[in-house]
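Shared chain: chain A. Partners: chain B in the first complex, chain C in the second.
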Partner chain A sequence: MRKVVFHTIPAVLVILLVIAPFIIALIRLSEASEVGIFEAFSNLDNRYQTSGAIGFTLKLSAISTLATVAFGLPLAWWMGRYHWPGHRLIRALLTTPFVVPSMVATIGFISLLGPQSWLSETFNLQLWHTMTAIVIAHTWYNVALVVRLVEPAIARLDPSLEESARLLPQGNKAWKRAWRLWWPVIRLNLAAAATLTFVFSFTSFALVRHLGGPGMYNMERAMAERPFTGIIGVGAVDSEIVLAFGIIQLVILASALWLLTEFQRRGKTWLPLATEKSTRLPLVNAQIPKLLMSLAILAAIAPLYFTIIGSFSIAGNFSTQAWYNAFSTNSEFTLLQPLLNTLRFATLTVLIAIPLAWLSANSVATLEKQEGWSSRYARVLDVMVMAPFALSAVMVGYGILIGLSHISNSLLLVWWLPLLAHLIIALPFAMRVILPAMRSLDPSYLEAARTLGASPFTVLFKVHLPLLRGPLIVAAILAFAVSLGEFGATWLLWNTPDWTTLPVLIDRAYSRPYDPLARSIAHVAASLLLITTLTLFITAERFRMAGQEGEF
Partner chain B sequence: MLKVKNSTVSFGGKKILDAMNLNVSDGEVVALLGPSGCGKTTLLRFIAGLEKGSAGEVHIDGKDVTNLPPEKRGVGMVFQNLALFPHLDVAGNLSFGMSQPNSEKISEMLETVGLKDFEKRRIDRLSGGEGQRVALARSLLAEPTVLLLDEPLASLDEDLKTALAEDVRKILKEGGITAIHVTHDRQVAAIISDRIVEMDAIQPGED
Partner chain C sequence: MKIKLIMNLLTISILLSTPLTGCLGPADNEGNDSSESLGKLRILTYDVFAISDEMIAEFENRTNYDVELIKVDDAGSVLARALQTKDDPIADVIIGIDNSFLQIALDYDLFAPYDTSVIPNLHPEASSSYTGNLVAPYDWGRVCINYDTTYVDGENVTVPESLWDFTSENWTGKVVVQNPRTSSPGRSFLLATVDYFANDADDSTDFSDWWSAMNNNGVIVTDGWTEAYETHYSGGYGQWYDGFIGDANAVVSYCHSPGVEAYFGDNWTTSVALTLDRSSFLQVEYVGIAKGTSQSAGAQEFIAEMLNHGVQSSISLTNYMYPAAANYTLPSENGYLYHTGVPNQDSSLTPAEIGAGIDEWLNQWDSAMA
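Up next is the complex of A and B:
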């Protein structure tokens, strides 16, 4: 009986935290929209705020995905195939963009491609407020994913496979081996990377909002910028739009995630693997790869470089005024309070998300091995915890905003409202790190501890937690970083200055084109976020268990 | 004295143990011999409380422990894969089962199992045979009423296996320890045990 209660706790918490607000929000939205759901769908193309948004979102995501694969695949191939001097450093540089908070990337690309930027003035490039700018930013972000997921597949294939292919008629030419050997080896990993790229591009908000400019709306932005959503009476049109887009998004994201798990399940090591060291070829006379790889590394760090440089200049002149103002108490855009808010939310997110992810992962890992109802319950719990992956940040924000206001309007001002959003978004990331580690832990360690007379409490603190220390630290760092960089939901929920986090502050400062100091302070905030996030992820790499390199 | 009465354990509707009976006297070392898949390990796990049965009882020293959790049964177990905690050193592993960790006792025990001065050794630096000895020592220091050994010698080469089996026998007999040793190796069974029980020969109702 005690066990039943113990395993029910995570499900109840996840339902209360994640599922319930979202369902209440959907009900409330359909009440406030005053039209049926089908009418809401058919109205989308007739309204000037939303016409073309679905087509634009799909086009943007598809082109971003194609561009990401086109640029990422050669890089992944060269990384997996050759031994580069400073291999680990190159990989770190190429995969850095993926962990950069979206608001920091936005700042980076505005300073790279915006008006008066070095690129636009030197090469006369007019990319500002074009779809191309957003595609470039999406590609920059997600090439890291392709490298991260595809490189290990190439690097770890047992070299004897290629050697034997060379001696056989169907593999005696390079293109034949590419088609008959390498394509089957990488295609599932590549498909997984492409699916994830599509998902991230599909729910992109900060980049579309700032790089796309006034007229460019994807579904996420069209939903986010609807101030009356969920309010009965004045909010009919807004509610209708969010309801229709929310459902379309949910269906597309859930399908994409289903595809992703399929690719990952079928891609599980059926190939004979070797250690990475033994397979990489020495780098000789590969001039073109060397040149392109150098350009890729430059491209990976350029936006980050310009982010930091921008914090030392005001209206084009060198100045440390922004750093000074950022940390003085009597400036309008002081960073002190937002920095504290950001750290507070991130710390609390870790403190709540990690125990909850642990409880959930423990229940799933324990019960899925049993029969009948237990294993079915484990599967349902797993899906429920992962559900936020199928929601965009803006939808999570609406779930909380509308779901809680339905219970009581006074809840909309409680200080933990943004925390709730961070928690929902960070939880599946933490779960994705802890659950596989828990599954791969040999249960005999825990059993041995018990036969040695240890109580469940002692087993937890002296065996289970210490054995999973690495994955727990990685999960905590990931949750912290997710909270640190979260923008969409926090921006949507923003109600009082007490909730201003660094990403929200950057957005607000950058929305004042007439105020050069505010822009420079935004660069200071972005630099702080960037440096903190990078430090966190470099630390996390040290705690990864062997064999987890291909995960995020 | 260990008594297993009429015990049945099933997985997925398939009976692994069917109304099983087994008695082991105090200080006796019994070898359970049988082919893989006949339920030897399941029986040990049932005795240790790591597996729930659909019927049956386990009595240790006259006390019914069937509904007690593993840590309260006074049963020690040496696992096939040894399950030495990789985050602790040898001394850390040995003290894990002791109610009052005591470095003298640990050194004595290490000497008994032939691993003098191994206290600070890391688990991943132990050879196969050394690992077996540490696992045995760890279980013995917890002073169990009954010690269960689940093929701990299976992964060793022949010479080492025979030598270590003789050592284990000596340690168990000198300590007067009641033990069940599961194996599919007839030679090991003969060296270690006072009595060999053929697992597929245990029939419902047999004592």
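Up next is the complex of A and C:
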């Protein structure tokens, strides 16, 4: 009986935290929108901001995905094929963009492509406020995914397989080997990377808002900038739009999520693996890969470089004034409070999300091995914890804003409102790291411990924690980083200056283009976020379990 | 040893997370020690620059209330938050709802009456839209199109004599306006166009035809005034700074914006207000007591504060609007007053007409711009 209660806790918490606010919000939205859902869909085409938003969102995500695969695949191939000096460092540089908060990327790309930027001055390229700019930023972001997911598959294939293929008529030419040998090897990993890229481009908000400029609306942005959503009467049109887009997002994201789990399930390698080192070729006569790889590394760090450089300049002149202002208590744009807020939200996110993900993963991993109802329950729990993946950040924000205010108004001003959003968004990330590790635990350890009469606490501290230390730390860092960079939901929920986090501050500072100091302060805030994220990322790399390189 | 490391990390993180509960509300309450605090006074507002830190500190010291600002993005969001929480208000004072939004606020019964005896004599413009005892005007201004005279040189491009002129090739992609669903100047200007085209000589077209022609002519629509004026408008002060685009030569702003330009530009500006009859909207911004508050005495004091000498004498330089109190006006230094445009006739829609028509007009605007 105690066991039943124990396994029910995560489900109850997840329902209260994630599912309930969202469902209340949906009900509220359909109450507030004065037309039926089908009319809501057809009205979309007849309004400013929403007409064409679905088409634009799909086009933007599709082109971003294609570009990401086109650039990422050669890089992953060269990374997997050749032995590069400083291999780990190169991989870290290429995959860094993925963990950079979206507001930092926004700042980086505005200073790279924006008006009077180095690129636009040198090559007379006017990319700001074009779709191309957003595609470039999305590609920059997601190439990391392709490298991370595809490189290991290439690097770990047993070389003897390739040797044998060379001798066979089906594999005696390079293109034949590419088609018959390499394509099957990388196919599923590449598909998983492409799906994730699609999902992230699909729900992009900060980049579209700032790089796209006026008139460029994807669904996420058209939903976010709707102040009257959920209010009966005045909010009819806003609610109608958010409801319609929310449902479309839910369907598309849930399908993508299903595809992703399919790819990952079928992607469990059945081919003989070798250790990475034995398979990589020495880097001789590879002039083109060397050149292109150097360019790719430059491209990966350029926006970050310009982010930091921008913090030391005011209206084009070198100055440390912005850093000074950021850390003095009496300037308008002091970063001390926002920095502390950001760190506190992130710390609390870790402190709550990790135990919750642990409990959920434990229940899922234990119960899915059993028969009947238990395993079904485990599957439902897994899906519920992962559900926020199928919601965009803005939709999570609306779930909290509308769902909770429906319960009590005073909840709108509680300081943990943004924390709730961070928690919901970070939870599936933590779960995806902890659950596979939990599943791979050898059950004999636990049996042995129990046979020896160890209490559940002893098992936790002497068996689980030591064995899962690596994944736990990675999950904690991931949750911390997600909270650190979260923008869409926090922006939507922002109610008082006391809640300002660094990404929200960057957004506000950057919307004051006339104030050169505000702009530099935005760069300082972005640099702080960047430095924190990179430190975390480097730490996380050290704790990855062997064989986990292929996951995020 | 590793357990120890984890425990240390845990301790640090707990320390980091605990003080958050105390960080709502202003940190500095010094100067209040002598007398009992009268409690929290919560103020819902957007970036109204007249409410400065100094003004709040002075108010707190004098009245012994602890002011807590709930600051949202724009005037629309002020109304949205107030409506969302109207049965159990999250604020005691609501600041920033203008006459384009007022009727909705009144229909939804957001305000409690205040004692109008604290109100000084007002400019007729400030009391033009509303004279009841539910909200008090604290500033006003006229929303109209501003254009850049370096572009409107009188030869290739002449000063527009009708709003239709902006649909010509000369102005393709060179006019920037704000989205009336998110911005209050944008909303004000939409209302001006409704009235303008209802009263022009041509009965076969209305405002939505003009907006659709503007849409075909590449009008730039931004979410808020700041982006429109400071990033896009070539006559705005953004042009001296890094990152400025200046792709638009006409913008929806205030008739006194050229005055503000001149004031900060040593009596020099290239920006002029277009004061065609009925093409401007007289916007008035209000402060009121939230209905259902338990701090109505404090809220009353805050309204008085918004209309007293300190705020009213400086509002033209803090919030860049006309003061509501009749004793004060725009300063004449540096050409502020001189460069301010004054139309012969503003558009004339009453709050009641606006309240009855706005939903439909917004929908028509939406489809014209789709």
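Following the convention adopted for this analysis, the second predicted complex is superposed on the first by the 552 of 552 C-alpha atoms of A that agree within 3 Å, B and C clash if a C-alpha of one lies under 4 Å from a C-alpha of the other, contacts with A are read in each partner's own complex, and residues count from 1 in each chain.
Keep in mind that, in the parts below, a contact is a pair of C-beta atoms (placed from the backbone, for glycine too) under 8 Å apart; a residue touches a chain by one contact, two chains touch by 3 or more.
In this text the structure is predicted, and so the values were computed from the model without any measurement.
S.K.: Between chain B (first) and chain C (second), which does A:Glu371 come into contact with in this model arrangement: first, second, both, or neither?
M.R.: first
S.K.: For A:Arg469, decide between first (touching chain B), second (touching chain C), both and neither.
M.R.: both
S.K.: Based on the superposed arrangement, let me know which partner A:Ala454 touches: chain B (first), chain C (second), both, or neither?
M.R.: first
S.K.: Give one of first, second, both or neither to describe whether A:Glu31 is in contact with chain B, with chain C, with both, or with none.
M.R.: Touch status of A:Glu31: no partner.
S.K.: Return first, second, both or neither, reflecting whether A:Pro516 touches chain B, chain C, both chains, or no partner chain.
M.R.: Only chain C is touched by A:Pro516; chain B is not.
S.K.: Between chain B (first) and chain C (second), which, if any, makes contact with A:Asp442: first, second, both or neither?
M.R.: Once the two structures are laid over each other on A, A:Asp442 reaches chain B alone.
S.K.: Under the stated touch criterion, which partner chain does A:Pro227 make contact with: chain B (first), chain C (second), both, or neither?
M.R.: A:Pro227 sits against chain C, while chain B stays out of touch.
S.K.: Just checking: does A:Glu39 make contact with chain B only, chain C only, both, or neither of them? Give me first, second, both or neither.
M.R.: neither
S.K.: Of chain B and chain C, which one touches more residues of chain A?
M.R.: On the superposition, C touches more of the residues of chain A.
S.K.: Under the stated touch criterion, which partner chain does A:Glu163 make contact with: chain B (first), chain C (second), both, or neither?
M.R.: neither
S.K.: So chain A touches chain B in one structure and chain C in the other; where do those two contact lists coincide?
M.R.: The answer is residues 469 of chain A.
S.K.: Which of the residues in chain A end up touching chain B in this complex?
M.R.: Touching chain B: residues 371, 442, 444-445, 447-456, 462-463, 466-467, 469 of chain A.
S.K.: Any idea which chain A residues touch chain C in the complex?
M.R.: Spelled out, the residues of chain A in touch with chain C are 45-51, 114-116, 128, 214-215, 225-228, 230-231, 233-238, 315-316, 337, 340-341, 343-344, 347-348, 350-351, 405, 408-410, 412-413, 415, 461, 469, 494-498, 511-516, 519.
S.K.: Can you list the residues on chain C that touch chain A in the complex?
M.R.: So the residues of chain C touching chain A come out as 2-3, 10, 13-14, 16-17, 19-21, 23-25, 68-74, 76-77, 79-81, 83-85, 87-90, 104, 108, 176, 179, 181-182, 220-224, 226-227, 230-232, 236-238, 241-245, 359, 362-363, 365-367, 369-370.
S.K.: Within their complex, state which residues of chain B touch chain A.
M.R.: 11-12, 48-50, 69-72, 75-77, 79, 81, 83, 85-87, 96-97, 99, 138-139, 142, 144, 148
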